[in-house]
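Here the structure comes first, spelled out in C-alpha cells, and everything after it is commentary.
Order of writing sets the labels: A, B, C, D, E and F. Residues in every chain begin at 1.
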Amino acid sequence: MKEYILNLLEKNKRIDNRKLDEFRKIEIQKDFIQRAEGSARVKFGSTDVIVGVKLEISEPFPDTPDSGILRTDAEFTPIASEDFFPGPPNENAIELARIVDRGIRESETIDLEKLCLEKGEKVWGVCIDIRIINHDGNLIDASALAALIALTTTKIPKIKDDEIIREEYSGKLPLKHKPITISIGKIGGKFIIDPCLQEENLLDSILTVSVREDGKICAMQKRKNSLKVEEINKIIDLAVNKSKELRKLI
Amino acid sequence: MKEYILNLLEKNKRIDNRKLDEFRKIEIQKDFIQRAEGSARVKFGSTDVIVGVKLEISEPFPDTPDSGILRTDAEFTPIASEDFFPGPPNENAIELARIVDRGIRESETIDLEKLCLEKGEKVWGVCIDIRIINHDGNLIDASALAALIALTTTKIPKIKDDEIIREEYSGKLPLKHKPITISIGKIGGKFIIDPCLQEENLLDSILTVSVREDGKICAMQKRKNSLKVEEINKIIDLAVNKSKELRKLI
Amino acid sequence: MKEYILNLLEKNKRIDNRKLDEFRKIEIQKDFIQRAEGSARVKFGSTDVIVGVKLEISEPFPDTPDSGILRTDAEFTPIASEDFFPGPPNENAIELARIVDRGIRESETIDLEKLCLEKGEKVWGVCIDIRIINHDGNLIDASALAALIALTTTKIPKIKDDEIIREEYSGKLPLKHKPITISIGKIGGKFIIDPCLQEENLLDSILTVSVREDGKICAMQKRKNSLKVEEINKIIDLAVNKSKELRKLI
Amino acid sequence: MMKTDEKLIINGKRLDGRKPMDIREIEMKVGVIPNANGSAYVRFGKTTAFAAVYGPRELIPKHLQEPDKAILRCYYNMAPFSVSDRKRPGPDRRAVEISKVTKLAIEPALFLEEFPETTIDVYIDIIQADGSTRVTGINAASLALADAGIPMRDLIVALSGGKIDDTLIIDLCGKEDNYSEADIPIAFLPNTKEITLLQMDGRITPQEVKDTIRNILKAGEQVYKKQKEALKNRYK
Amino acid sequence: MMKTDEKLIINGKRLDGRKPMDIREIEMKVGVIPNANGSAYVRFGKTTAFAAVYGPRELIPKHLQEPDKAILRCYYNMAPFSVSDRKRPGPDRRAVEISKVTKLAIEPALFLEEFPETTIDVYIDIIQADGSTRVTGINAASLALADAGIPMRDLIVALSGGKIDDTLIIDLCGKEDNYSEADIPIAFLPNTKEITLLQMDGRITPQEVKDTIRNILKAGEQVYKKQKEALKNRYK
Amino acid sequence: MMKTDEKLIINGKRLDGRKPMDIREIEMKVGVIPNANGSAYVRFGKTTAFAAVYGPRELIPKHLQEPDKAILRCYYNMAPFSVSDRKRPGPDRRAVEISKVTKLAIEPALFLEEFPETTIDVYIDIIQADGSTRVTGINAASLALADAGIPMRDLIVALSGGKIDDTLIIDLCGKEDNYSEADIPIAFLPNTKEITLLQMDGRITPQEVKDTIRNILKAGEQVYKKQKEALKNRYK
C-alpha cells in the first residue's frame, strides 16, 4: 500500500483520486447539539468531529480581570479508532486541543472583553470541547474548522439571580476574527493538503498553519521530522492560499 | 463444592443449615465509633461492615438551596478479602455505595430540608462511609442495614462561630423513613436470601430491592445475568415480606 | 566494592579518605533562583540539591487563624539518578519532604505568627520546594541545610490591592530558630556521618536527628533496620556535637 | 429526585405532547463510524448516543485474557456538552456504575465462549442527554454489536419507565426524570423476555413496579422493530 | 504542634485521669477477620486499629518478585470517620510515610528469606483515632503476623512517649499529641531490645529523649504481656 | 498574549538594553550531573535549564521496546519556584505538549536505529523561567546528548524569535513573551539547516514569519558556537 500511495503521488495523484491540493468532501452540520450553547459537526471525508461550546460563569484571571476565559479540550473517544482507548487525554489529544486553542486565542476570534459580567469577579468562560467520532486523518484541520463554526453558532444564555437560564439566550457570542487552520504535508517532493490517515502515516513532515481573514498568521506547529526553510516558506504561502477556499464554508 | 451446594439447594437446604429464606445470624453494634456523629457495625454471619456518619458544613446544590446534602462512599479495604487491594474504589465498591445511597435518598430517609443552616450558603452535609471489614457475601444488604442504623444513632453537632464543636450535640439527625434493602438470589429454580460468598458465586441472578416501611419500593438493582418477569415479581413480593423481619432489628 | 568499603571502615577509613565523622566538601550558593523569594543550592560532595522558597497568599488553618502556613515538597527529578523516574513523589521523596518539614516546623524556625495578613482570612504561605539535582547519598541532610539557608535568604514580597508584587520586597522572612539535621549511619560497629551513596547502601542502620541551636532535639527518624538504646544514645550525642560544625556554615 | 409544583401531565398529555405510553421520536442508524467493527447512532427525542464495537480482538496484557471465553468490556461516557452545565471529561462514579450494568445488560445476548482469549470492547458515547441515556446507549450498543457481525442470541431492547403526576409512563425525558416519582430503566431480550437490565429508584408500590415492567416489555416491541429496520437499512 | 493555655496535667493526673507512666485501657483480639491469614483488633483507649495479613502469597506481576526473599508490603489507612473532620478516603502523604516506617518497624522481626518470590501484605486500618495511631497499628500488625503463623524472631511492641506540661509521659492521647512538647513513637523487639521504629518531633533535650526511650522500653513490657495474652486467648 | 501600554522598545533598545537581534548572556556547562550519562546546564539571561540523558538503556516493560531502534523519551519539567506564582509540581498540559515537540526537535539528530530495544531518556528541568524555556531546554538536551557520547548528525540549536512594538526580535525574555505580537521558537540542525522545531503564536504577516525564521537561523550560529565551546571546555 505504501509503495502504491507513493507511486501515485509521484504522478500527482492520490488514492482517493483527489488532486494534491484538494480537500476531501467536507460536510458541515450546525447546531447539532441543542444542549450546547453552540455546536458543529464537521466531516472531512470519513474524518468526523463534533465540537460543542458551553458557557459557564467563571472567575477571571487576576491579570485580565475584565476578560472572558477560553478553554479548549479534546477527547479522542475510543469509538473513533481501534487505537484510541479510555483514559485521560494523551499527548496527541492535548496537542490537538492546544493547537486549536492557540488558533482561536491568538487570532482574537472571540471578543473576550465583551464577556465580563462583574469586573474581577465574574466573566463568561467559553469551553470548547472537541470530540473525535471517526479518525481518518487531518484531525486538527477538521477540529479547528468545527470549533470555529461552533463558535459562530454560539449564543449567550440569559442570567437570572446569578444563575444561568439554560436554553434561553440574550444574544450571540461576539466574534472579532475567523482563523482557518490548514495542515500541509510533505511527502517525497510533494506537498499535499488534508491527508487521509493512510497518507498521514507516510508523511515526511507536516506543518499546521492558522491564517486569519486579514492574511495574518496566528499559529503554526511543525508536527513531524524536519523541514527546510524554503519548504516552510512554500507551505506558508500554500496555507494562506488554501485558507481562502475553506473560509468560504463558514 | 459447587455440586454439593447445588444438591443441597435442590432439597431446600443450605451449607450452613439455613432455610432458603433465612438470614444468617445478624449482630448489630451501635455507636461503635465515638468520633463519628453516628455509627454502626453489622455482621451477617461472618460478613462484617462498619458504617460511620460524619456531618460537615457544606454548600448546598444550586437547585436545592435549603436542603442538606447526602453523600455515600464505600471502601473495600484490603483487610476484608484476599481479592481486595489498595487503590481507589473499583466498580463494585462504587456500585455498592450508589445502591445504598439510592435506598436512603429515594426513600427520603433523612429529612434534608431540616438540615439548612443558611439558605443557599450553608447546609449540613451527611457523609456516610461504608467500610467492609470481612467479606462473606451479601455486602449490600449488610451495608444498607448498617447505614440505616448508623443514621438512627446520628447526632447533630453544635456550631459556634461558624465552626463545628465536635462531640457536643444539639439534637438527633431528623429521619422521615426507614428503608430496608434485601437482595434475593436465584439459583436453579430456588430463591434464597442473604447468600454467603460461596453461594453468591453460584447464583444465576440476583435482584436487590429496597422497601420502605409503608411498603413502597424505593430502589432496585439486578446485579447478574437475567431474570424473567414472573421471577422479578416473585422476588419483589418476597423482598417486601422479608423486609419486615429485618426492620424489627432497627 | 562492598568488602573494600567495609574493610576500610574497620580501619576507620572511608573510600574518599574522609574520617568517620567528617563531612564531604560542602558548597553553598545562595540566591540561586532570582524568581524565588529565597533559594539555595547545597552540595555535599557530588550530592546536589536546590531549594526554592515561594511565598503565596493563603487561607490559614481554622485552628490557627493568625498563623502563616508552611508547606514542604520534594521532587526526586529524574535528572538526578538513573533510579528516579517521572511521576508523582514516591515514598522516599515524601519521607524526605516530611522529615525536612518537621525539622523546620518543630524547631519553630519560622515565626509564623508574624505572617498573618488578615486574621482568619489571609496569611502568608511559605512553600519550600526541594529539588534533587544529583543523588550521591545523604539527601536529607543536604536538603535540610539547603532549606534552612534558603529560608535565611527569603524576602517577603510587597502587596498592593491584594495582589503580590513579585520581585519587590517589604522585608525579610522572620526566623526564630535554626535547626541542623544530621544523619548518622551505623555500619559494623562504626558510626559515620554524611554517607555517600555507596556507603548508604551498606549501612546497618541510620538515624536522622535535627538539633536546634539551643541543643534541643526537634526531630528524629530511624530509617533502616534496628538500633539498640545505647547506639541511639551515642548517635544523639554525636549529632548534637556535629550540628555545631554544620551550623557555622549558615 | 427533586420536587416541583409544575404539573408534568396536563389533560393526559406530557410536557412534549406525548401520551403516557408514547415513546419519543426514535432515530437509529447503523454503520456510522467507519473505523469500528460495528457502530450505531441512536436518538430518542434529544437524547443521542453513538456506540462502537471493536473486537473480538486480542486482549493485552495477556494475563487479563480468559482461556475459554471473550472478555466483554463496556464504557459509557458523556460528552462535556451533552448536559446543561458542562460536565468534566472522564468517567465519574455514575458512569462507572452505568458501564457495569450495561455490560450485564449486554452479556446474556452474546456467545462469549466462541472467542476465547479476546476482548470485545463496546464504547458508548452520549453526545446529548435528555433523560434515559443509559437505555439509549444500550440500544445503540445492541445495534453496533449486530453491525459488527458478532453472533447474538437476540438484539437487546432497552426502554425506561416511571411515574409522574400519579401516572405510569414510559421513555422519560430529562425533566420527567428529574421530577419523577420513579425511574425504571430496563433492557431485555425480546424473544425470551429475559430481563437483563433492571434498576429502579423512586417511591412507588410493588404493583406499580410490576405494571411498569409489563408496560416496557410491551412498548419495547416498537423499539425492537426500529432496531431491525435500522439493520435492514444498513444493507439497502 | 499547637499551643494551649489549658493545663494538661493537674495534680499529677492527665486529662483522662492517668498518671504520667500509665497506659490507657488496652483491648487486643486476634483472628477477628476470618478471610485473612492472620488478623487482629487493637484498641488503646479510643484509638482503634484492625490489621490483616495476607500471605505469604504469589507476587504479581512477577518482575516485582525477589528471588531470594519475600517482599513485605505495609499499608496504613484511616477510615474517613476516624477523625473529627471527615478525612477523604485514600492515602495522604502522612499515610505514605507511616506505611513506610511501619514496614521498617516490622521487617526486622521476620524471616523473609524463608519465602522467596512471595509477598506478605500487612494492612492496617485505623477506624478511630485518638492519638498514637501508628503504634496501635504496629501492635495490631504484630498480632496479625503471629496469628498468620508467619515465623517471627519476636513480637513487635509499640508505644508512644512524649512530654506535656514539663512532664515525660507515655501513650499520648489525641489532645496530648496536639499540644505536646514532644511525641516519640517507638517500636521494639522485647527480647533483644532492638528498636525498629523511632520517630520524634517536638522540642526537648537530648536527655529527655533518652529518658523517654527508656520509659517506653520499660512500659512496653505491659503491651508485650497483653499481646501474648491475646494470642493465648485465640486458642482457648 | 496580553496587551500593555508600556513600550517594550525605546530608542531601539529592549527593556534589558539589548538591540533587536541581540541574544541574552549565554552560559553553558556540560557534565554537571555526575550520575547522568550526559548532562548540561544552560542559561539564557535568567532562564535556566538542566538536562540529563540516561541511556541508551534497557526499556522495561519489554512490550514497549522497538526491535529495530531505540525509543526516545523526552520530559520537560518546571520547578515550582521557577515562575512568579508557584507552580504545582508535575506536568501540566503545556508541559506534555512541550515534551512532545522537544522529542520531535531532537529525534532527527539521532541514529536511533543503532540502539535497538533500548530507550534514550532525555530529562529537561527548568529551574528558572524568564521566557524561551523550551528552546533553552532543547539547547541543554543537545549538549547532554553529546556529553553522553550518543552519536549525532549534528548538535541541535534552538532559539526563539518574535515581534514586539512593530520590531522583529530574537531570544524573547518573559516580559517580551507576555506582550509580544508573535513568539516563534525554532530548533534546527546547523549543518543542514533542517528545522526540527517550529511553533508560532501571535498575529503577524507571512513575510514576518519568514524573516523571523531567517533571523533565527543566522543568530543561531552564535548559539552553535557556544555549544561547541562548552563541549570543548568539558575536556580541558
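Everything that follows uses one rule, which is that a contact is a pair of C-beta atoms (placed from the backbone, for glycine too) under 8 Å apart; a residue touches a chain by one contact, two chains touch by 3 or more.
Everything numeric here is computed off the predicted structure, so don't read it as measured data.
Listed here as common contacts of chain C and chain F: no chain.
Listed by label, the chains touching chain A and chain F alike form an empty list. Note on connectivity: the fewest steps through touching chains from chain A to chain E is 3. The greatest centre-to-centre gap from chain E, using C-alpha centroids, is found for A. With centres taken as mean Cα positions, chain F sits 51 Å from chain E. Rounded to whole angstrom, the centroid-to-centroid distance between chain A and chain D, based on C-alpha atoms, equals 32 Å. Chain contacts: chain C has no residue touching two or more partner chains.
In chain D, no residue touches at least two other chains. Because contacts link each chain to exactly two others and close back on themselves, their graph is best described as a ring.
Annotation: chains form a contact ring; the order from chain C, going to chain E first, is C, E, B, D, A, F.
The touching residues of chain D, when paired with chain B in their complex, are 1-2, 93-94, 96-97, 99-101, 104, 107-108, 184, 188-189, 193-206, 209-210, 213-214, 217.
Looking at the complex, you find that chain B touches chain E at residues 33-36, 39, 46, 48, 50, 52-54, 56, 73, 75, 77-82, 86, 88-89, 127, 129, 131, 133-136, 164, 166-167.
Listed in rising order, the residues of chain C touching chain E in the complex are 63-64, 91, 94-95, 97-98, 102, 105-108, 207, 212, 215-229, 232-233, 236-237, 240. Touching chain C in their complex are the following residues of chain F: 33-36, 39, 46, 48, 50-52, 54, 57, 75, 77, 79-86, 89-91, 121, 123, 125, 127-130.
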